[in-house]
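Following are the structures in question.
Below are two complexes that have chain A in common, paired first with chain B and then with chain C.
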Partner chain A sequence: MSLQVSELRVYYRTLKGDVRALDGMTFELRDGEILGLVGESGCGKSTLGKSLIRMDGRMRRVGGTVTLDGHELPIDDDRRMNDYRFREVSLIPQYAMSALNPTRKIRRMVTELLRSRGTALDTAELERRMDQVGLPREVLDRYPIELSGGMKQRMVMVISTLLDPSLLIADEVTSALDVSTQKAVARALLGFRDSGYVKSMIFVTHDLALTHHIADTIMVMYAGKLAEKAPADVIVKAPRHPYTRLLLESLPEVGVRYTERRLEGIAGSPPSLLDPPAGCRFRDRCPIAGEECAQEPPVAELAPDHHVACWKA
Partner chain B sequence: MRRYFGRKLLIYGLTFFVAVTVNWMIPRFMPGDPIASMVARANVTNAQAVEAMRAYYSNLFGLDQPLWQQYVNFWGALAHGDFGISIWLFPTPVTDVITQAVPYTLALIIPSVLLSWVVGNRFGAYAARRKLLDNTVLPVGYVLTAMPYMWLAVLLAWGFGVLLGWFPVAGGYSFSMRPNWSWTFVLDLLHHWALPFLSLFLVALGGWAIGMRNMIIYELESDYSSYLSALGAPSRLIRRYAFRNAVLPQITGLALQLGVLVAGALVTEIVFAYPGLGSLILKAIQNKDFFLLQGTFLFIVLGVLIANFIIDIVYVVVDPRTRAGMAGAQA
Partner chain C sequence: MLRLDDVTKEFRIGAFGGKSVAAVRGVSFEVVPGEVVSLIGESGSGKSTIGRMILGLNPVTSGSITFDGLPVRAGKEYYRRVQGIFQDPFSSFNPVFKADRVFTMIKEAYYPSVPGPEWAAKVEESLRDVRLNPGQVLGKYPHQLSGGQLQRLLIARALLLDIKLLVADEITSMLDASTRIDVLNLLAELKVRGLSVLYITHDLSLGTYLAERTVVLRRGSVAEMGPTERVFGDPLHPYTRELLSAVPRLHETWDDAVPVETCLYHLKGGTGGLAEADPGHFVACAQLETC
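Now for the complex of A and B:
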């Protein structure tokens, strides 16, 4: 077991009260596993990603633990967490296009970053990894402004994984890219796992189709809670949670013309996490909701590795 | 690179031309007749003699020619480095009068501008995101930067000069001394220099510190800072990067502020009767000394333009993006 998250609760402090962005998440991630984390905006997937590496000032851990390779991560202690960042947990941020200091050449920036973490730059290794993602070596002697968006993205990917972290969080890395670049990025991430640069990975996205290609396991979140978690094929072919089903139905299929039938979205919108309703949080939008849904559904393991939080599943 | 500087030089050339023209126009369209006052100084009552003197002086200064001819002559003389003859200190050439005053002004402006910029930036950067300092430095900075130069100068002169008597309040050196290169004289120079310097330094300091503090906070919020923190980089490195990026707009600010700073220095000189260009301008206006006024302004315009050009060059050196833009973007 590489990563164990149990009963993690992270709230945002606001003037109106606590926003319960993560409300009791429990899941595990094995060595070598790529976990696709899917859900609509505001479901807590980015909060989960941030909680595992760097909480921002408004976030507060209310409960729960995160254990990585047997060590409990001090996720709400910014200073102590520094020991784990980059070496054990690393991040490819959503904003990779602007993640590099504009006034430093890349080689110098990487050298200074590594030195500040007490490591010397192994240029040969860095260049090998750049070759692997198809980055020309001259890039090192350029300023970020001289690189294209895709090059910056790949450079950030190489930098983030340079210390061979155990866990890599890729937060919406493909959102800003066109389809052909998305594919290249996805392939590079798989390559990193296969070359052993990272042990396991959490791939945060709202793109179910892309996740299916690279993830071993897909976890669907809804309103700060786990809805369903299963091997990627099972999620796509045999989902059990009504939310997962609706999510899949709202995706267009290749080769199908939508003239007869309009592509359905999911009616309604997620509940406010400021003061979420009791019971199943999907109840109001769920087509099959019943009496029992007024109680909160527990996460049940219906089949090996198939976890669902739904009474009707 | 060449095209960039070519364009810059063209703009500076145009600015210079317009500034010099305006410069030439201002004294000529000022009310009052300098020749009349010169003649009056001579205390001649004979109408014929007055007329002769008037004709002589008008001819000497070239004021008897039509305006357009005066303008052309002016450029011609300028090309030879000839600024004309001072009316106030007749018959000293304007160039000599200015050369005597320039060292004082430069000794005041260069250290105060550079030091306030450097110290203000360091201080502002240090204060940003440090609550205690932020809460003390910021209000002081606002008070300082909101102060008019001459007002702070008057306050300092009154406090340190009149009340405490630590510093002299007027002149570039003691009246009892003659300029020479002895230690006593240099110390005396410094003693007189301290207060005008301090007032210029303090007023500019506040502005730079506030600007830098805001820029640093902005940079610390930026994406590259978050990325570095997420990778566990120490705040020392992140702050260093933030400073490097935040200093760029401050350099632009320096270029923009230069004119204001020089104007402030001139007013401050007048408050302390410091024998620099500022005092010279005042005297020139009081005595309707066209040529001195023209020469002084010209010198100031030149100085500001040169300083701006230097800042342009510095900017190209410190910001890789301007260089990349010049070379044409590479894929």
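Now for the complex of A and C:
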């Protein structure tokens, strides 16, 4: 087991009270596994990604533990986490454009970054990895502004995996890119895992179709809780949770025409996490909700590796 | 109704505008009443520039854009019939004012003589048309509403004007999967009622869902255009194939595009402009080595 998260609760402190963005998440990630994390905006998927590497000032761990390769991560101790960041846990942020220092050429920036971690730059290795994602070597002597969005994204990917972290968090890395660039970036991520640059990866996105192409396992989150987690094919072909099913039905695919098959969105909106309702949080929007849904459904393993939090599943 | 003829747009760049870059090159197409046309292209293809030129926000460098036979002239008369909605709903509203101020502004500019109660009824009706509950959205500030609600408010605002054409520039790209489909279905319903929509997007699946006709743009010029089911069922241009193969799909694996062997453009005897491969289906030169 590379990563174990158990009963993790992370709340945001606001003037109106605690926003329960993560409310008891438990899951595991094996070595070499890519976990796709999907859900609507505000479901807590980015909060989960952030909690594993750097909590911002408003976030507070209320309970639970995170264990990576047998060590418990001090996720709420910003200073002690520094020993793990970049070496053990690394992040590819959503906006690569703003992740690169605009006043430095790429080579100098990478050198400085590595020096701050007490390592020297291995140019041969860096160039080898750049070749792998299809970046020309001249990029090193350019300023970030001279690169296109896809190039910047790939450069950030190379930089954040330079120290071979155990866990890589990719937060919506492809959502600002065109389809063809998106494909190149997604394939590069797979290449990183296959070459052993990263052991395991959490791929946060709202695009189920894209996740299906990359991830081994897909985890669907709803309102701060786990809804369903299963191998990617199972989620797509035989989902058990009503939320996953509705989410899949609302996906437009190339070739689906309005006149032939009308897709439906999910009625209603997610509950406020400031004071979430008791019981199943999807109850109000669920077409098959019943009496028992007033009680909170436990996460049950219905089949090997298929975890679902629903009474009706 | 809307007609673009050989439209070209050049932007001046450099410190003193010494250089120029062509964002749109010789684009011609037409939108007829009650039709949804999707304009598909990647970043830098000029799709938004075309939208802005149709809305009269940028002048054309050469060529012409006509609406009902008259050249586009930005002004009240034109905006009564043509409206645009853009990508980021949060930047379309002034955060200082309540969101429903967009309706009051329409009243002040276009219908100053309509009495208050009658106007309020009209606003409520158009809100119901976009499936919003008036009680839930009126009197709220933009930050109190969701992206989908704001985007629908803007559509409701456009409907108050009795418009004929809506230019929708990436209007769903900031919305969640389930809200996205609600907004698309809404556009489809409006289409049935006779509204034309120019749907600008980089997402092929969203474009095909609604549109009868598709225009694929590449680096400022049209690569392929025609009926949606022809363009995506039987893509002729290598660029269209490349785009299609890059779209992640649920039940298929990511395969690589099948290369195009012969250039249909030259095969059909194309010289300048687009060649008609089959009725209504146009293709540009594939730029193969043999071309």
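Assorted remarks:
Throughout what follows, the second predicted complex is superposed on the first by the 309 of 313 C-alpha atoms of A that agree within 3 Å, B and C clash if a C-alpha of one lies under 4 Å from a C-alpha of the other, contacts with A are read in each partner's own complex, and residues count from 1 in each chain.
Throughout what follows, a contact is a pair of C-beta atoms (placed from the backbone, for glycine too) under 8 Å apart; a residue touches a chain by one contact, two chains touch by 3 or more.
The structure presented is a predicted model; accordingly, all values stated were derived computationally and were not measured.
When the two complexes are overlaid on their common chain A, residue A:Asp83 makes contact with chain B while staying clear of chain C. In the superposed model, A:Gly149 lies in contact with chain C only, and not with chain B. By the touch criterion defined above, A:Arg104 lies against chain B but remains apart from chain C after alignment on the C-alpha atoms of chain A. Applying the stated contact rule after C-alpha superposition, one finds that A:Ile53 touches chain B and leaves chain C untouched.
In the superposed pair of complexes, A:Asp284 makes contact with neither chain B nor chain C. Within the superposed three-chain model, A:Ser116 lies in touch with chain B and out of touch with chain C [touch as defined at top].
By the document's definition of touching, of the two partners only chain B reaches A:Pro93; chain C does not. Contact residues of chain A toward chain C in the complex are 40-41, 149, 178-183, 186, 206-210, 212-213, 236-237, 246-248, 250-258, 262-266, 269.
Against chain A, in their complex, chain B makes its touches with residues 222-224, 226-234, 236-237, 241, 244-245, 248, 318-321, 324, 329-331.
Across the complex, chain A meets chain B through its residues 53-54, 81-87, 90-91, 93, 95, 98-105, 112-113, 116-117, 142-143, 145-146, 148, 156, 159-160. Interface residues of chain C, counted against chain A in their complex, comprise 42-43, 146, 176-182, 184-185, 188, 202-206, 208-210, 228-229, 232-233, 242-244, 246-251, 253-254.
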